[in-house]
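All chains are identified by letter, namely A, B, C and D, in their written order; residue positions are counted from 1 within each chain.
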Amino acid sequence: MSVDRDRLIELRREFHRHPEPAWREFWTTARIVEELETIGVDELHVGREALAGERLAVPDDDELEPWMQRAREAGADPDVLGALSGGWTGAVAVLERGEGPTVGLRVDIDGLPREEATDDEHHPAREGFRSETGAMHACGHDAHITIGLGVIEAIKRSDFSGTLKIFFQPAEETIGGGRPMAESGHLDDVGYLFALHIGLDYPTGEIVCGIDDFLAVTQFYTTFEGEPGHAGARPEAGRNAVQAMVTAVSNLYGIERHSEGPSRINAGRVGGGTATNIIPEEAFIHGEARGATTAIRDHVFERAGAVFEGAAISHDCEFDVTVEGEAPSAESDAELVEIIREAARSHPDVERATRRGEIGGSEDATFLMQRVQNNGGLATYLAVGTDHPGGHHTATFDVDEESLGLAVDVVSDAVERVAVSQP
Amino acid sequence: MSVDRDRLIELRREFHRHPEPAWREFWTTARIVEELETIGVDELHVGREALAGERLAVPDDDELEPWMQRAREAGADPDVLGALSGGWTGAVAVLERGEGPTVGLRVDIDGLPREEATDDEHHPAREGFRSETGAMHACGHDAHITIGLGVIEAIKRSDFSGTLKIFFQPAEETIGGGRPMAESGHLDDVGYLFALHIGLDYPTGEIVCGIDDFLAVTQFYTTFEGEPGHAGARPEAGRNAVQAMVTAVSNLYGIERHSEGPSRINAGRVGGGTATNIIPEEAFIHGEARGATTAIRDHVFERAGAVFEGAAISHDCEFDVTVEGEAPSAESDAELVEIIREAARSHPDVERATRRGEIGGSEDATFLMQRVQNNGGLATYLAVGTDHPGGHHTATFDVDEESLGLAVDVVSDAVERVAVSQP
Amino acid sequence: MSVDRDRLIELRREFHRHPEPAWREFWTTARIVEELETIGVDELHVGREALAGERLAVPDDDELEPWMQRAREAGADPDVLGALSGGWTGAVAVLERGEGPTVGLRVDIDGLPREEATDDEHHPAREGFRSETGAMHACGHDAHITIGLGVIEAIKRSDFSGTLKIFFQPAEETIGGGRPMAESGHLDDVGYLFALHIGLDYPTGEIVCGIDDFLAVTQFYTTFEGEPGHAGARPEAGRNAVQAMVTAVSNLYGIERHSEGPSRINAGRVGGGTATNIIPEEAFIHGEARGATTAIRDHVFERAGAVFEGAAISHDCEFDVTVEGEAPSAESDAELVEIIREAARSHPDVERATRRGEIGGSEDATFLMQRVQNNGGLATYLAVGTDHPGGHHTATFDVDEESLGLAVDVVSDAVERVAVSQP
Amino acid sequence: MSVDRDRLIELRREFHRHPEPAWREFWTTARIVEELETIGVDELHVGREALAGERLAVPDDDELEPWMQRAREAGADPDVLGALSGGWTGAVAVLERGEGPTVGLRVDIDGLPREEATDDEHHPAREGFRSETGAMHACGHDAHITIGLGVIEAIKRSDFSGTLKIFFQPAEETIGGGRPMAESGHLDDVGYLFALHIGLDYPTGEIVCGIDDFLAVTQFYTTFEGEPGHAGARPEAGRNAVQAMVTAVSNLYGIERHSEGPSRINAGRVGGGTATNIIPEEAFIHGEARGATTAIRDHVFERAGAVFEGAAISHDCEFDVTVEGEAPSAESDAELVEIIREAARSHPDVERATRRGEIGGSEDATFLMQRVQNNGGLATYLAVGTDHPGGHHTATFDVDEESLGLAVDVVSDAVERVAVSQP
């Protein structure tokens, strides 16, 4: 039943060479489709057919086109690329294996817009599978894709009875792909959903069976617009957008704590103005609000809205807020945590299988988990430990390729166990 | 023609012993009336008859009553006090002396709500005419009243042909009495107006014939109201009025400079909150906006309004702005400056008579000056130097009593010169 | 074994009539001593003998003297008052009953500096035992004193074998009395400590056996000192203490959240400046920092220190920080929680006995709990429910007097159970 | 004596096609040198020989090299370019014409880093002499160079007796070139200095003979450096550079007004941070302080220094301030103003010659003026009106070429008048 580990490593390295940022996963999706067709699946929903509803923060055509062009040149299937036009990336694969539960696995597929390390201490550089796109798989989504493909192959060869759906989700890094995939309809018959992440500071050999501390998050991009003016000659003629922005940032961080659980606010990137002698006409805040629950996050973001408005009024500016991404909070279901734990504990290479653990951040897999749970199903989010030399999102992030096979084994075992326990 | 200098000193000391703050000049007005009746004038308008229109920042009855009571006990004429009820203080005296121009002199009569020095180095303490009211004549208005009474007496004895009006204005320190007196109608036939101030860091023997740098001013009292909450148990339940106030103060000082002249903003007194563990429900800013012109002041105060609104919105609070006092800017007319200068230069005790000088602040005499100037008349504001040991508004302020007689001489000489030059 | 419930109510009403704020509990301590002498105890440590080390935020003699005077006039024993001079209030009573464990009970005795409601809907007003001091027992410490006296009387009549110590702690509301009493030495042989609070929004008949969410707290009073200046004439001559304060408040609320648990910051009371036209010379912040652990609180307060310094430097002001009160976090020990729970469940009037509950704030009983726990002993903090019409610290707070006897019963039962289980 | 007006227009258009920003005036300087050699001068100091002391904000070699390369390709004399290497641009030309005063004329030569308009309504676009470099002569320095060359030619043909020096100053837009040229020694024997600017919203035919409201200015670039951290997982681990920057901006704008004259502060360009979920590690403020006098500017900039330090301390960040450019204030000497005025009034095309006018900003010609005045010489800064369709520094700025000849006439006439009046 086990899949070829060398093949998994080969696949992961191929995806690692072609990282594409959110909504630009053209080559990646085409390559996934190609591989799925080789494996053989019963249904395949690509691009527009895998997503529904509003998509946030999709780049405009000028930004998409060079990536589409590059995918074409790198050998992606033009027919598949056609289906992805407009940044409709991602896919849902369905394997129908008779009577039984519908089990889902969600893996995310996008890279990060950052440079990869070049020195020989960085394993992908040394072994020659460093990024060729300028972006980087610095969060292990290359491994996630590989695990998704491995699981579908393993289940195909297994005695599993039921339906397996693999959700190859785009745009996780911008928390943009989760909701459109959750609303696609493909989740609606899923009774059991697994989502996974590699690494998260857990070592190779450790499986954390249920992540629970997801913070609900809203990412926003707020602009302030005033009026320029010569700072020396006519300061009173300007309407100062930087003063508005600065007032807003100051008050954003001043949003009060919440007694019902952790909350967060960050003005992660700000800017404004053009020259030392011009009253700044424009300014922006690119930030995020989080909360232990979706309600706390909503409270913080509502307070942020008042802060933006107040700051704009204070300096006679206009303002505009765009939500760029969002994800709810979520909890892993104990029943599914136990199934993963049994699968993990029965695997010879798993040294430690803990029930609960922390991610310390946000994830839009929570949209898919919430969808399944709202329909009465169960969901869990597991972490597959891997020794990683650099931290997530850094130039030297890498995964221990030993953990690829281990992850495929544990997840496909858990999928089978679901079918056995819930026939 | 000269008035008795000992009498002037006696009068000044008597007024110095009975300082009364803005709108509480009960004893003071009654004593002025008594003195005017002794001198003998043709018309006397007291209290309500000397003022018109809205009065700002009048204390409520609870605050007025003890001062009324004190005035009664200190021997003020009960009939006059009756006319002042409700804080309608001040008086206008008219001396009609045949054909000729109508000349006005404005003097202010209120004291300051501060303690007076007690040590023997302070002349009023040493000589036994220190304040008996708890307030203090720390800006020389006791001298101004005395000069006003002296001028009317001097003109009565002179060959002056025309009409002289003395405006005993209340509530200058809160810039509250100027406008109601300007709107009383008594200014409307005044063709030439003198206003004066003693001291201003000019020494005894110096006369500055035209003050020109009056800043227009608006004093405001702004309150923010939120909702209390336990800072430990439920911080999110409060709406923090101190955060609103703090945001407003920060942005008030950030109001931009104006290219057309000096502007000022000050949050001179602020406060809020009740206890360390309560989210503050209330806060206030007691402040002022100024400008070299009334237009600049208005621009600054309009910007302040946006700042208050923005701060309140930022922290989900209500706010309220009360204008407590205001005065326009003004310029002294050259023609009248010259007349004062001639009078000054012809006086043996005047060592220096400069055309133009600075006050570095605001004054609501500007309302009266503006009224006269708008009607086509002329106005000037003169400074009568006096050696003063402590600064204006401090506990050790005092005037050199030599300057009382000198001021009466110069001003009454100028009044006569107006009549001669403008028959 | 049960004490007379009418007597408890009578006592509570007597203490209710004489509320005294922190460090001013002169009448209260004297009356406690009088009552303890009536009951008969083996040791009695009063004032200086009940406290040690530095006391924070003790009022100066001018503030203490009127309260001392009032206590004298209200009939307090002059000898006891002598021992309390300088604000050394509070007492420790010891009952020695042979072999066995040393068990402590801590009750706090101070009132709040606030007016009490006067209308007939307020039970103390209607029944004629409203405050006679201008302060108010608005947090139930009158009930706590009564329960402490009731427990010592009940234990005296019981078969308890061991030592009982009752800690009548002053100055809880300012979190000032806990540390000096913890450092007095009287806690050092206590193996089991109970502390209690009435109310906390739990109804009559409910006992919460272990409060666990104490936030460590530091109360601070920070002053900024600049230089005054005339806001119109010479704004650049001033050094603006209000701007420094405002910068500090803004950045205090901007201190980041902590990932290891809740934190709080509040600038609960602020002020500064003297007049609209003076650049403010002085300003203050009266506030507090809290944390789920003492380490988190320390982190927040350390950050606050940098904020004060930075604000002062920004506006060329001096600053000074005084710690006015502090308390660590604490946890209730499970073993003692169980003992309380058994006592509560065996009482016919207890309808609900929960193991764990929340206070949502801070308490300096934690100093005493920590002292006992650091010595290897056990401590718990229990809440005795009482129907209270108004919230804690409000003018209409009151307790259901039924809960007095119930509390005495449950606590003295628990004291006996300790002796039985830990002979 | 008059120079060929068509030739002036031709030259101006040639310079217009080759705008080069500050310290990159390679082609420009080489072309000026070429033209001066054609005219024939007695001394020519180029690059390093025209400047001395520290130069501020010189771009590094990576930025300079493409401009040097471009100049080479556009036909600049390689020998001259060699002398300019390292961004040592500008030149001083000396014409010695026997006995008489040494008269200087300062013209600035740099362009602005902005695009020029392309549409046909823009005269340079329509006539085919639009910028070929990507930068733009959007402030008329192309005209200034032309006038400088025209004056030297006119004086050469005239009866002028004395010495004429033309200062072709680089880097005025960054207020960087003034000081090094002032310190070059070439100013030290200049007894009379003219500096000029075209436009400034004055129409063709108007000459303003003395600009007087130069604001002293300091341009600064301040950076804050903290520590990054994950905004969701470990907010307390970061040290937030954006919060430091925001605190600084807020307090910069809050620097108090100065009673001795106008002051300005502007945070014209700010930014910081990298991603929504990262506590920002770095931030910057690019801004300026100004004052009516150098002392006022220094006061404001000193206050800014405290603001930076306080903000950094408040948020536990490091900070660094670089002065990028500066210029003192200056006044035009009445004697020289009169000489210009006489020359202007005697010119048939001058419709209006006013003594005094405003520039409403800053200029580093003030360094040269100050140098001359400190040596006992006289200086004035005149504005030569020109109808300009777009405002200074905008994409559609242009000059009325009629004013070129007029400027050459008036200035060379004034140079001659100096020689006559001060033989």
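Quick note on the criterion: a contact is a pair of C-beta atoms (placed from the backbone, for glycine too) under 8 Å apart; a residue touches a chain by one contact, two chains touch by 3 or more.
From a predicted model like this one, the values you see are computed outputs, not experimental measurements.
Distance from the centre of chain C peaks at D, each centre being the average of the chain's Cα atoms.
Interface comparison, A-D versus C-D: the pair with the greater number of contacting C-beta pairs is A-D. Averaging C-alpha coordinates per chain places the centre of chain A 49 Å away from that of chain C.
In whole angstrom, the spacing between the mean C-alpha positions of chain C and chain D is 69.
One simple way to say how far apart two chains are is to compare their mean CA positions; for chain A and chain D this gives 51 Å. Touching of two or more other chains is recorded for residues 233-235, 240, 243, 247, 250, 253-254, 256-257, 259, 264, 279, 360 of chain C.
Touching chain C in their complex are the following residues of chain A: 250, 253-254, 256-257, 259, 262-264, 360. Taken in their complex, chain C has these residues touching chain B: 215, 217, 219, 230-235, 240, 242-243, 245-247, 249-250, 253, 264, 266-280, 283, 286-288, 290, 324, 359-362.
Note for the complex: chain C touches chain D at residues 233-238, 240, 243, 247, 250-251, 254, 256-260, 279, 299, 303, 306-307, 309-316.
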